[in-house]
Amino acid sequence: MPARLPTTRTGAALPREALADRLQNVRAWTLGLTAPLSAEDQCVQSMPDASPAKWHLAHTSWFFEAMVLVPHLPGYQPCDPRFFHLFNSYYEALGTRHPRPQRGLITRPDLATVHAYRAHVDRALEGFIAAGDAAAWEAAAGLVELGLHHEQQHQELIVTDMLHALSCNPLFPAYGAGVPLPPAPSSSSRSPLHWLRVDGGVRSIGHGGAGFAFDNEGPRHEVLLRPFELAHRLVTCGEWLAFIEDGGYARPTLWLSDGWAQVQAQGWRAPAYWTGGPGDGWQVFGLKGLRPLDLAAPVMHLSFFEAAAFAEWSGARLPTEFEWEAAHGTPGLEQMTGTAWQWTRSSYDPYPGFRTPEGAVGEYNGKFMIGQVVLRGSSFATPSGHARPTYRNFFPPAARWQFTGLRLAREVS
Amino acid sequence: MPARLPTTRTGAALPREALADRLQNVRAWTLGLTAPLSAEDQCVQSMPDASPAKWHLAHTSWFFEAMVLVPHLPGYQPCDPRFFHLFNSYYEALGTRHPRPQRGLITRPDLATVHAYRAHVDRALEGFIAAGDAAAWEAAAGLVELGLHHEQQHQELIVTDMLHALSCNPLFPAYGAGVPLPPAPSSSSRSPLHWLRVDGGVRSIGHGGAGFAFDNEGPRHEVLLRPFELAHRLVTCGEWLAFIEDGGYARPTLWLSDGWAQVQAQGWRAPAYWTGGPGDGWQVFGLKGLRPLDLAAPVMHLSFFEAAAFAEWSGARLPTEFEWEAAHGTPGLEQMTGTAWQWTRSSYDPYPGFRTPEGAVGEYNGKFMIGQVVLRGSSFATPSGHARPTYRNFFPPAARWQFTGLRLAREVS
Amino acid sequence: MPARLPTTRTGAALPREALADRLQNVRAWTLGLTAPLSAEDQCVQSMPDASPAKWHLAHTSWFFEAMVLVPHLPGYQPCDPRFFHLFNSYYEALGTRHPRPQRGLITRPDLATVHAYRAHVDRALEGFIAAGDAAAWEAAAGLVELGLHHEQQHQELIVTDMLHALSCNPLFPAYGAGVPLPPAPSSSSRSPLHWLRVDGGVRSIGHGGAGFAFDNEGPRHEVLLRPFELAHRLVTCGEWLAFIEDGGYARPTLWLSDGWAQVQAQGWRAPAYWTGGPGDGWQVFGLKGLRPLDLAAPVMHLSFFEAAAFAEWSGARLPTEFEWEAAHGTPGLEQMTGTAWQWTRSSYDPYPGFRTPEGAVGEYNGKFMIGQVVLRGSSFATPSGHARPTYRNFFPPAARWQFTGLRLAREVS
Amino acid sequence: MPARLPTTRTGAALPREALADRLQNVRAWTLGLTAPLSAEDQCVQSMPDASPAKWHLAHTSWFFEAMVLVPHLPGYQPCDPRFFHLFNSYYEALGTRHPRPQRGLITRPDLATVHAYRAHVDRALEGFIAAGDAAAWEAAAGLVELGLHHEQQHQELIVTDMLHALSCNPLFPAYGAGVPLPPAPSSSSRSPLHWLRVDGGVRSIGHGGAGFAFDNEGPRHEVLLRPFELAHRLVTCGEWLAFIEDGGYARPTLWLSDGWAQVQAQGWRAPAYWTGGPGDGWQVFGLKGLRPLDLAAPVMHLSFFEAAAFAEWSGARLPTEFEWEAAHGTPGLEQMTGTAWQWTRSSYDPYPGFRTPEGAVGEYNGKFMIGQVVLRGSSFATPSGHARPTYRNFFPPAARWQFTGLRLAREVS
């Protein structure tokens, strides 16, 4: 068994039957997400940071081929050996790859062929799970599980990347039926913000229990925290409107220096996908197309820079990722998961004792540990069962196309 | 009748029946060209200079809507008013337009909707031709004819733009059945190059006879030429290989200054779509996919810079566009049309007395008369009946994705 | 004697004494132009198209070293062999060179060292002219003359490049005493524009007489012109103001396509060096610093794109370079030379029969014959005796930092 | 007194006489550093990240004018009010400023004028220190002290920025006499690397004692550390050579993802200022010009990306900034200060409880707290008395023009 997967699973591996079920469910969910989309929709790449839905379908299959089937299933015949180059994302150890900004130019293989590729991989995985010998299974089980969590990450990316592509279309089309939609805010999360106190002291951070976690969630370790207060809910669109109307996007002293440079270079005047403005009324583009601004809804599609400027403007601050994790479970906290990812004031640095796993899987998380900011929680588009309180999501500070919001923190007065 | 169309037609307008036939033929040819392509193929845009095939299908219909149907057919109902913004190419006088580099992001309307758009426009045009009143017809007939020639220009662009998109795919797929292919060289055009003398003197240049021509082909006027000699055929791939092997791409003194800058910035080592090299053998990507180099075939996919460097290397020069036109019809000249566009040594300047037509059609040709180089002849992908000896094609000097070759000229010794 | 210099001198070479006098005068004039400038002023490079004054001082000396002294003066000791790399401009045949955009980083050699370099070259040239043997002299005399004309070109560039550098300084400093200044317009050139007719027919174009000319001015050849009319003077700042006030910079249909792209990308709202505007009053930055707009002065610092848009707006056109040359000498024409270079409607193409000279001097003019536009006449900063009626100046169509204006032409009505 | 300066001074303010002495010494040291440089040297800006020496001379004077003299000295007459725009660096609260990338275009004011500006400011400060009334003094004393530390930061930048400018000169000139030079390594720091153990536990981090510190060094707070080992000295050029020879710059799996992108985009093959290579022998450009590689010298001019890749290659890691600070004072540690800044594995995040000071000084440090990496220690060019064990230097991870090296850490085995 490979000594160091990019996971920190500490308990027993999942039984074969459980994994087989999970494989079927996860793979079917991916197809369900793309069902409302035409072949044209699934081919398009609207910016280098995004990928076509068809590419996501293929890449998640490639991951199983490259990590599980080729190294661990004797006699496995790849669907098409040219796909190793086409659908590798960033694994230097696994050979050459198609340039990321050109993923949208791959009209062939067409969508039907990619569906066949998925079926080919599914059949091989199912056979392997059912009948692979014990040694191979022991070596590969963790990788199969990793592949499923990997595919769940791409499920959310399918939604965010497609939303970005549709936002570039002046017809403002809706994604289509069946896609996950943001939950309606509860009455409590519509009410005025109040603060919840969290005690300080030595707290354990990171994944240490049974079950799957990514490598970047460990090693579990202790940190010393000061007491602090956390907002009971996320910042709303109505509160964001007040920030805009108070000149939030025009006052450089509210902003980090790199953030102000982005405001000017990109012409930011509101979160991504907001259109219109004071005169015409604000509208927000989303999965159902263009909709009037809902003041009670959590604001989303923020960069870290905007979240930090808002916190400065409001006289509060962002929580660190350690504070967020330590606060998790505090009674009265709402919208911690399932609504929007929450920017923290923590750069994405390795935990003490973190070591990059050996081999190709070592490129999974560790090599991005610079220049990114940690987000905690999960969004409405995060697949059920994917995230955890120790989960560390990360994006560059200027990224806005994810379902990203913010929750305020402040010192104990 | 509009006084100044971007045409120099001097004879009578085409009869209604002739135009109706021509409309049907031209429009059907466009659909035939896209028939081998999937909806994904037709959605992709591989560089800002190229456009998706679906966009070409829609834009050529928009041209009829914007130039003919809306201004001249009372009561015409546009297929979808949002298409005026989506499918305008560069006509400032006709309102806003979707940014050119983002044409590939328009997954909706989908291909079926664009086919319906074409049918909608066809029906309206057919009705107008059949039953439009005399005054409207007099005003619009020239615009309908212009629209057909416009569509023929886009027919060639569909092929070149799609070829470029396919060239970005590492699988090197073929375009598909039914697309025009380069003719096999005749035995005479396979033979060693020989020179044909053309006399000098005062020659009439430009379109002056009956029938359609673009505005940039006139006014017809006289120029004074010196005698010169013209090669009986185009330069071949074998001759180009000799240029490469003699260090043609590594000797700056053969190149125009801007050309040498391109060689270095783009890493040019051969014409576009050539791959491989001395060791592995050269291959050329084309409409049938990757094929071994055919030494007797005319070299194509050259920039003007490369054509000029080759001419310098060979001790000859490129003909001016006036020389090319004056030589047309000289016995023994081969491959003047239907093979590859031929770079001339003439910048694309206006002819004496040229005036931009008034109104939107005035943006057709005149506003590009700087920074471009004239090509003469036509290619195998140019629709039958489209080009003329007075036809002035033009592209920027670094463009390589068209079917562009060269023919040498020299002084009379 | 080298068979093919980049000149078309047809008469006898200049006598040695005449060249010696001319050498002294030209070299002293260069130093005089830089006399008002500090060492800091002379070191700065404000954009890649411009060069530091110190670089001009050194490069014009390098030209004599590389073209005359090293190849033709036996035993010549270069001032510093490293200067061959530092001060070569663009001659690929003469070895490596310092990257153009980094000329402003050369603080060492300092200005005093460059002055010593000039003196070293002057002494060697004076000795060579006085005592070089007959064969060497015959080979080199034309190159010495070429070097002097080359230096005169750089004299004007010293003024235009320094003016650009000073324009980047928010203090708007004046160049300093002793620099050439624009002449005050005569009463006739202040009067309303009138038109002078020029006959058509076969006209000889290009340099053919005795005396020096650059290679690009030949071969002399015949062209067939139609009659036309030319404005008696240049367009004034007052006329340009009317263009601005009539929305000239906001109406895309007045502009060539590439020109309109520049207007938008660069934010052009007036000629270069105009500041202020309707509310505050216009001011123009020039060699004497910031000055109020003089309505009667010829407008300068125009791109070709602006000149062409103005001509379109005024219902006239730009003359071709052949028309300009044919009109030269017509009674009543003013400001043909010594005021501002005049954009023509001619791309910079080679004349019929033009061949690039062999060797390094072959890179002088020919390799720029694409993508540039011809200007005719001369400016107030052109050294006395430098230009001719056949002189072909050229710049890219977006260039604005030269002393460039325009003169209108029109068809004979 | 302003409640919140960007300092954490906790003791009494410096007495007036002490500050007067310190002012004289610091200001004189700045002039001494520029004494070997010509006016041309001091005018040049070789990249947007660097500034001209003349600008540093003026900006450090502007800081005193804008922060001390204008707000606190009644009747103060600025040297030239236009300098407020020219020499503001990045203080949005203090008005407009000249664009950073164009600092090298300011040839006027010339160097002599900037020297006069310094003298003007010095006289006013001296008068204020000697005779300012008590209330004004209480408000301003901290700002004067801040201004001196600010000037010391620019002293090191004068050296690094000038070194970069000189490195762009193919003549490889030396800086000049009197500039600080790297110390010769001691025999112990030349010996093989050994490891020193540092205990874990709760440690106090940040400035908390008497005396000056920057705001980003506080608040002092406790962190929980695990035990670790630290290398007794910096990594040497000889060790770096082994990394190069082992393919360090060609193995992507050693690199962070953004780092590998830089390696490829910038063509990094060695630290900045290394030239030559395996065949010719390595040379290093420095303040004395080009010198052969000294294997025992600490390697410098590294990006964080290179430091992290080296640590990965060597099987160790970089220390966090907390580990570095906690280890300070451990017997046997060498080269902690006065040699080269040491990259840590800590992103530059705010300490718990950090608040941006109000007013213009609030822009000093806080607004850069994202996207940067912390360096600890000091370099040979850091002015004596400037740095502290709690000092947090920071640069973007790709920066290489500073005197940056690395020290390894590792887990306790």
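As written, the chain order gives the labels A, B, C and D, with residue 1 at the start of each chain.
Going forward, a contact is a pair of C-beta atoms (placed from the backbone, for glycine too) under 8 Å apart; a residue touches a chain by one contact, two chains touch by 3 or more.
Given the structure is predicted, the values throughout are model-derived calculations rather than measurements.
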| item | value |
| --- | --- |
| Chains in simultaneous contact with subunit B and subunit C | none |
| Labels of chains that are neighbours to subunit A and to subunit B | none |
| Centre-to-centre distance between subunit D and subunit B (centres being mean Cα positions), rounded to whole Å | 59 |
| Between subunit D and subunit A, distance of the C-alpha-averaged centres to the nearest whole Å | 37 |
| Averaged-CA centre spacing for the pair subunit D and subunit C, given as whole angstrom | 46 |
| Of all residues in subunit C, the ones touching two or more other chains | none |
| Complex contacts: residues of subunit D adjacent to subunit C | 38-41, 43-44, 46, 82, 85-86, 98, 102, 104-111, 165-166, 168-171, 173 |
| Subunit D-facing residues of subunit A, complex | 90, 92-93, 202, 221-224, 226, 252-253, 255-260, 304-305, 308, 312, 320, 345-350, 352-353, 356, 362-363, 367-371, 373, 397, 411 |
